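See the structures that follow.
Presented sequentially are two complexes of chain A, the first with chain B as partner and the second with chain C.
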Partner chain A sequence: MTLLDIQALSVAFPTRRQTFVAVDNADLNVEPGEIHGLVGESGAGKSTIGAAVMGLLERPGRITDGTISLQGDAISGLDRAAMQALRGQRISMIFQDPLTSLNPLFTVREQLTETISTHLDVTDAEANQRAIDLLTRVGIPEPELRIDQYPHQFSGGMRQRVVIALALCSEPEVIIADEPTTALDVSIQAQILDLIKELARERQVGVILITHDMGVIADTTDRVTVMYQGEVVESGPTAQVMGDPKHEYTQSLIAAVPRPTVKMHRFPQVSYGGRETAFAIEDLARNWDKPQVDRAKPLYQIEGLTKRFLKKGSLIPSQRQFMTAVDRVSFDVMQGEVFGIVGESGSGKSTIARMIAGLYRSDGGSIRFDGQETHTLGDDYRRQIQMIFQDPYSSLNPRMRVDQIIAEPAKHHGILAGQALKDRVDELLDRVGLGKEAGLKFAHEFSGGQRQRISIARALATQPRFLICDEPTSALDVSIQAQILNILKDLQEHLNLTMLFISHDLPVVRQMCDRVMVMRNGQLVELQETEALFAKPQQPYTQELLSLMPRLDALKAAPSV
Partner chain B sequence: MIRMQVWWQSDVMWSFRHSPVALGSFIVVAVLLLGAVFAPLIAPHDPFNPATLNLMNGFTAPGAPNAFTGETFILGTDDQGRDVFSTILYGMRISLFVGFAAVALGMLIGITAGLVAGYRGGWTETIIMRVADVQLTFPAILVAMLIFGIAKGFTPVEYRNEMAIWVLIIAIGLSDWVQFARVVRGATLVEKQKEYVQAAQLIGRSGFAIMLRHILPNVMSPVLVIATISLALAIIAEATLSFLGVGAPPTQPSLGTLIRIGQGFLFSGEWWILFFPACTLLALALSVNLLGDWLRDALNPKLR
Partner chain C sequence: MGGRLLNYIIRRVFQSVLVLLVVGLVAFSMFRFVGDPVDNMLGQERTDADIERLRAVLGLDQPFPVQYWKFLQGAIDGNFGVSYRQGRPVSEIIVERLPATLELAMVSGFLAIMVGIILGVYTAIRRDGWGSNVIMTVSLIGVSLPTFLIGILLIYLFSVELDLLPSFGRGEVTHLGWWSTGLLTASGLKAIILPAITLGLYQMTLIMRLVRAEMLEVLRQDYVRFARARGLSERVVNFRHALKNTLVPVITVTGLQLGSIIAFAIITETVFQWPGVGLLFINAIQFVDIPVMAAYLMLISVMFVGINLAVDLLYVAIDPRLRGEAS
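What follows is the complex of A and B.
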C-alpha cells in the first residue's frame, strides 16, 4: 500500500485583494523507504505541500480540494487534536535552519526525552536510553557526554543531526525534510544527505525532500516531482526525469544548472514562461569611458592582509580577546580579470571583500590600488569601485525610489547632475532590462532577480573600474542566477571591468573566474588559474572541496551555446 | 490623485476603515482638534476679555440663561461668570499646543540620540544610553517640576506667565525623549546591518547622510506609534502639572488649570466647573491613546 498518498491537492491563501492559489491540483505519493524529491523555484508551492501534509498551513491558507492519506486513512480533514497526535508521531519534519528549530534554553537530552515520552509509552530510563541510541545513530560522537549540552554548543552540521534525531524519536512513517541542507556548507551537506538516505533505507521511512537544488535531487532521491507555479509539471524516477526530461520547464531548469565539469561561454537560461528580458550591454559600452587594461599588470596588490574581530571586550587592552577572521593573506588582482574567492562560511572571504571596499579597516598588511594605498585615496578611489551584494532584499533601501537609489552614487561623487543624471539613470534602467518607468517604483515591487538588476544598475552608475560581487546569486533561483551571471560576464567583457567574485558555489566559480583563491579559516589555501585548480588541485582541502561538488552526470547534457 | 488612491487602498488605511475603535477615536480627536483650532470662531464668549464678563453671571448652571442678554450657557459658568464651554475650547488650545510641542521636542532629542547611539556604537552609545537610563529613574513629573522650579528662579516676574507655557513644553519634552531614543536605537541597530547601508558607506556617504537619508526613514513606523501614545501622555502630564499649580497660569488656563479651579467648587454644588473640563480631558487622552494602540497593531505585520 502506498505510504503517503496526495491526490488532487489544492491549497489557497485568500487575501483581501485576491485568492492566491499556492498549490493547484497536485498529486504525489511516497512508498516506504523511498526518498521523494520535490523540486521547484521559490514560490512553486513545494513547501506549502509539506506544510499541508503536516497540518501546519499558516493562516489564512487552507486546503480547498483533494485528499492526503497516510496508509490509506485520510488525514486532510482531521481536526486539530487528531492532527497534533499524528504530527511528530507518524509524520515528522526536518526544518531548514537548525539554529531556530531547536530550543536554545533546553539541553539536547531534555528536548529528546520530552518528545519521546510524549509520543511513546516509556519510562524515563528507557526514554534516556533511546535518546542516546538515536544520537549514536545520527553519528554524534560521544553521545553520553554531548546529550547534556545545549544546542549552541553544537556546530551547524551536528545541530542538524540532532534535529534529525528529534524527528526520529517516535519512529515516524513519513519525514518531511524542507530544504534540510540549504543553511549548511557543502562538506556538511553531503554528510547530512547520506544520513537521510541511510535512515530511509534502514527504517523504511518515506521521505519527502523539498529542495531547489538539482544537485541534491540527482544525488539523493529515488523519485522526483517538479513543480512550477503551484502545479506539478513532471513526476517520475529521478534518473528518468533528470536524464530525459519530458516537460519544457524541467528541460530548461536542468539546462540552467551550472556544470562543474565543462567551461561554457554563457550560462544556458530557463526560457520557460517567457521571462527572459534583454540586457543590452553593447549599447552601454558605446558611451563608456573604458579603462585601458593591461592584463599583465596588477590592479590590486594585497600583502599580509589581516583582520581581527573583538570577541571579548575589556578596558584593559591585554585582556581583550580577538578572533582572527583573515590571517596574513597576500595576492594580486590583475587588470581586467575575474578573480574568484571560494570558501565555506567563516573562511573570511567576505571580510576580505569588505576590507578592499573600505567598509572594514584592516588590522595589518596593505591594499594597494594602482600602486597606492587605498586608505590614502578617499573619494577618488571609492568612485572607481562598486559592489553587488548578496541579498537583493536588503541591499536596496525600501524607502527610496529606484531612480533615487541608482542616482545616489553618481550624485554623491558629483559626476552627473540634473538632466544628465536623470538620463543616465533612465539609460541604465533600460540597459538592465527593466525600462525607465521602473525608476518611479519602490524596490519591494520587484522580484529578487529584478532587484539584483537594480543593484547592478546602481553599481554601474559611476562607471567603475572594479566590481566586487559578494555571492551575487546565492539568494536567487537557478533560472535567475543564470541571467544575472550572464549579465556580469558581459559587463566584464564589454566594459573592461576587473571583478572580484566571491562564492561558495564551485560550479559557478568555474564558469565565472579566471583565477581562483581557496580560503579556509581566514587563511589562503591555494591560488591557481581556474582550469588548473579544477583539473589538478594541489592541496588536500581543495581536493576535498572539489570531491563534494554535486555529481550531475545523471543530468541531461546541457545544450552547447 | 493616483497617489491618494494607493494610499487609501493601502493595508494601514484598510485596517483603519475596518476598525470601529479607530474610526470612533479618530472622529473624537478630529472634533476636539477642530474645536480647539477654531475656538475664536466657535466660542460664544471670549473668556480672556474681562469686558464681556459679569460677576452677576457667576455660577450659572448648565443650560441656564445669561442674566443680561438671555443667551444660554450650555455648560454653565464659573465663579467669575466665564462660560465653561468657551474656557474648555480655549483651554484645549493650550493643552494640545503644549502636548504637540512637547512630543515634537522629545522626538527631536530622542531620535537624534537614538540614531547616533545606534549607528556610532562604542563609547558614544554607552554614554547616551546610560544618560537615558538615569533619566528614566526620575519620575517624569518630578523632572518637569524640577525644570519648572529652576526656570521660575531665572525668569523675571513680569515674564513669568508667558514663560510658563514654554517651560512646560521643555519640561515635558525633556522627560519624554528616552523612549524615542531606545526604540530608534534598537531599530537602527537592525537597519545598520542591512546591505543598503553598506552600499551607501561604500560610495563614501558621510555618517550624517546615512543616518538621515537611509536609516531614519526606515525606523519611522515605531516612532509614529510612540509619538501618538506620547501625545496622550504629554496632555495628561500638562494637565497634572497645571493641576498642581506649576503649569499654565490662571490667565491662560489649560484643561488642567480649569480642573484645578473647578475642584474648589465641587463640594459646594457647582459640579459643572470641574466635570466638563475633566470629561474633555478624558475623551481627548483616551481617544488619542486608542488611536496609538490601533496604529501599533496596524503597523505590526505579525499581528495582521
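What follows is the complex of A and C.
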C-alpha cells in the first residue's frame, strides 16, 4: 500500500482582496523506504505541501480540495486534536535551519525526553535511555555527555543531527525534510544526506525531501516531483527526470544549474515563463568613469593579514584568550580580475573581506591598495570599494525607500547631490532592470532576487573600482542566481571592475572566478588559477572539497552557449 | 562554573558599592539647593549667633564633601544621624516605616507580574479574538492615566460610592519582631487592595504589552514551529517553549519597574495616606530634613542596585548562552 498519498491537493490563502492559490491540484505519493524529492523555486508551493501534510498551514491558508492519506486513511480534514496526535508520532518534520529550529533555552535531553514522553507511554528512565540511543543512532559522539548540553554548544551539522533525532523520537512512518541541508557546508551536507538515506533504508521511512538544489536531488532521491507556481509539472524516477526532462520548465531549470565540470562564459538562465529581465549594461558603461586596468598589476597586495577575536575577556592582558580567525594570509588581487575565496563556514573568508572593506581592524599584516596602506587612505578609498552582502533581506534598511537606499552612499561621499543624484539613482534602477518607479517603494515589496539587484545598484552608485561580493547568491533560487551572477560578470567586464567573490558553492566559483584561494581554519590552503585548481588540486583538503561537490552527471548535459 | 559565577557576583558587588558612593556624593551636592534646615528649626526669636551655633552643631558649616564623609563614617556603623524634624534616630524612623512600603510594593509587583504575564500570553495567542481586543483597549487606560488620578477614581468608586474598601491607612497591623505587617488581619488586607492596584496598574499594562510583543515575535520562530511539528500540545508549546524565550527582556523591564514601584510609591502613599517611607520622604523634603533624605536615597539606591544584580543573575539562570563557553 502507498505510505503517503496526496491526491489533487489544492491549498489556498484567501486574503481580503483575492485568494492566492499556493498549491493547485498536486499529486504526490511516497512508498516506504523511498526518498521522494520535491523541487522547485521559492514560491512554487513545495513547502506548502509539507505544511499541509503536517496540518501546520499558516493562517489563513487552508486545504480547499483533494485528500492526503496515510496508509490508506485520510488525514486531511482531521480535527486539531487528531492532527496533533499524528504530528511527531507518525509524521515528522525536519526544518531548514538547525540554528533556529532548536529551542535555545532547553537542553537536548529536555527537548528529546519531552517529545518521547508525549508520544510513547514510557517511564522517565526509559525516555532517557531512548534519547541517548537516538543520539547514538544519528552519529553524535559521546551522547551521554552531550545530551545535557544546550543547542548552542553544538556545531551546525551536529545540531541538524539532533533535529533528526527529535524527528525520530516515535518511529515515524513519514519524514518531511524541508531544505534540511541548505544552511550547511558542503561536507556537512553530504554527511546529513547520507544519514537520511540510511534511515530511509534501514527503518523503511518514507521521506519527502524538499529542496531547490538540483545537486541534492540528483544525489539523494529515488523519485522526484518538479513544481512550478503551485502546480506539479513533472514527476518520475530521478534518473529519468534529471537525465531526460520532458517538461520545458524542468529542462530550463536543469540547464541553469552551474556545472562543476565545464566553464561557460555566461550562466544559462531559466527562460521558462518569460521572466528573464534584461540588464542594460552597455548603456551604463557609456557614461561610466572607467578605471584603466592592467591585469599584470595588483590592485591589492595583502601580506601576513591576521585577525584575532577575543574569546575570553580579562582585565589582565595575559589572561585573555583569543581565537585566530585569519592567520597570516598573503595574496594579491590583480586589477580587473575576479578573485574567489572558498572555504567552509568559520574558515575566515568573510573576515578577510571585512578587513579589506575596513569594517574590521586587522591585528597584523598589511593591506595595500594601489601600493598604499589602506588605513592611511581616507574617504576616497572607501568610495572605491563597495560590498554586496549575502542576505538581501537584512542588508537593506526596511524603513528607507529604495531610492534613498541607493542614493545614500553617493550622498555620503558627496559625489552627487540634488537632481544629478536623482538622475543617477533613476538610471541605476533602470539599468538593473527594476525601472525607476521601483525607487518609490520599500525593500519588502520586492522578491529576493530583486532585492539583490537593489544591493547591486547601491554598490554601483559611487562608481567603485572594487566590489566585494560575500555569498551574493546563496540565498537565491537557481534561476535568480543565474541572473544575478550574469549581472556581476557583465559589470566586471564592461566597467573594468575588480571583484572579490566569496562563496562556498564550488560550481559557481568555477564559473565566476579567474583565480581561487582555498581557506581552512583561517589559513590559506591553496591559491591557483581557477581551471588549474579544479583540474589538478594540489592540496589534500582541496581534493576533498572538490570530491564532495554534488555529482551532476545524472543531469541532462547543458546546452552549449 | 561555580567559580566563574562567584567571581561575577564579587565583581558586581564591587561595582555596586562604587555606584552607591557616587549616588551619595551627588545627593549631598544637591542638598544645598533644597533650602536651609536651620530656618525651620529655630523660631522667630533666633539671633545670628544661634544660627551659627546650630550650623556648627549640625556640621552644616563644612563643605559638602566633608559632610558626606561624616555621613559615610556614621553609615558604616549603622548610624544615619538624627532627624532634624522628629529628633529621633533616622534608622529607627525608617525601620518603622519600611515594612509598609515594602509590603505595598511586593503585593502590587506580584499582581503586576502575574496578571501582566497571563494577559500578555493570552492576548498573543488569541491575537485577533475579541477578548484580546478588549484587554488591549482597556490596557491603554492603564498606561495613559496618571497614578494619582487612578487612585482618586478607585477611592471614589470603592470607598465613597460602594463603601467596600477603606480609602486611607493600613488597617490593623500585627508586629512580628521589628517588622509590622497588615497582611494578617482582615482590615489590613482590605486596606492594601486599592493602593496595590493603583501602584501596580501601570506596571501591569507595561508587562502585559511587553510579554505580548515578545510572544508574537517568539511564536514566529522556527523552534516553535518545530515544537508543534513534534506533536507537543499547544499548552506546552505556548507556556513552556515560547514563554521562557520571552522572559529575558521581560525580566529587564520588570526589574527596573520593581525598583520604581518602591521608589515612586510616594504618589500612591500620598493619595492613600499610606504610612510608608515615601510619605516620610515627602515630609522630609518639606522640612529640609537632610539626614532622612540622605538615608532614604541610599536605601533606594541599594534596592535598585540589588534588583539589578538579581536581574543579571536571572538572565544567566534562564539563558544558557550567557553562561560563557562551556564544554
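Convention: the second predicted complex is superposed on the first by the 518 of 561 C-alpha atoms of A that agree within 3 Å, B and C clash if a C-alpha of one lies under 4 Å from a C-alpha of the other, contacts with A are read in each partner's own complex, and residues count from 1 in each chain.
The working rule: a residue touches a chain if its C-beta (ideal position, glycine included) is under 8 Å from a C-beta of that chain, and two chains touch if they have at least 3 such contacts.
Here the structure is a predicted model, which is why all the values come from computation and not from measurement.
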item	value
Partner chain in contact with A:Gln84 - chain B first, chain C second, else both or neither	second
Which partner reaches more residues of chain A (counting touched residues only), chain B or chain C	C
Partner chain in contact with A:Lys197 - chain B first, chain C second, else both or neither	neither
A:Lys311 touches, of chain B and chain C: first, second, both or neither?	second
Which superposed partner A:Gly378 touches (first chain B, second chain C, both, neither)	first
First, second, both or neither for A:Met54, with chain B first and chain C second	second
Contacts of A:His119 with chain B and chain C, given as first, second, both or neither	second
On chain A, positions contacted by chain B and by chain C	none
Complex contact set, residues of chain A against chain C	54, 56, 84-89, 92-93, 95-97, 100-107, 114-115, 118-119, 149-150, 152-153, 163, 166-167, 169-170, 311-312
Chain B to chain A touching residues, read off their complex	14, 194-196, 198-205, 214, 217-218
Chain C residues touching chain A - in the complex, by the definition given at the top	221-223, 225-234, 236, 241, 244-245, 318-321, 324-327
Chain B-facing residues of chain A, complex	16, 354, 357-359, 378-379, 382-383, 385-387, 389-391, 394-400, 408-409, 412-413, 458, 462
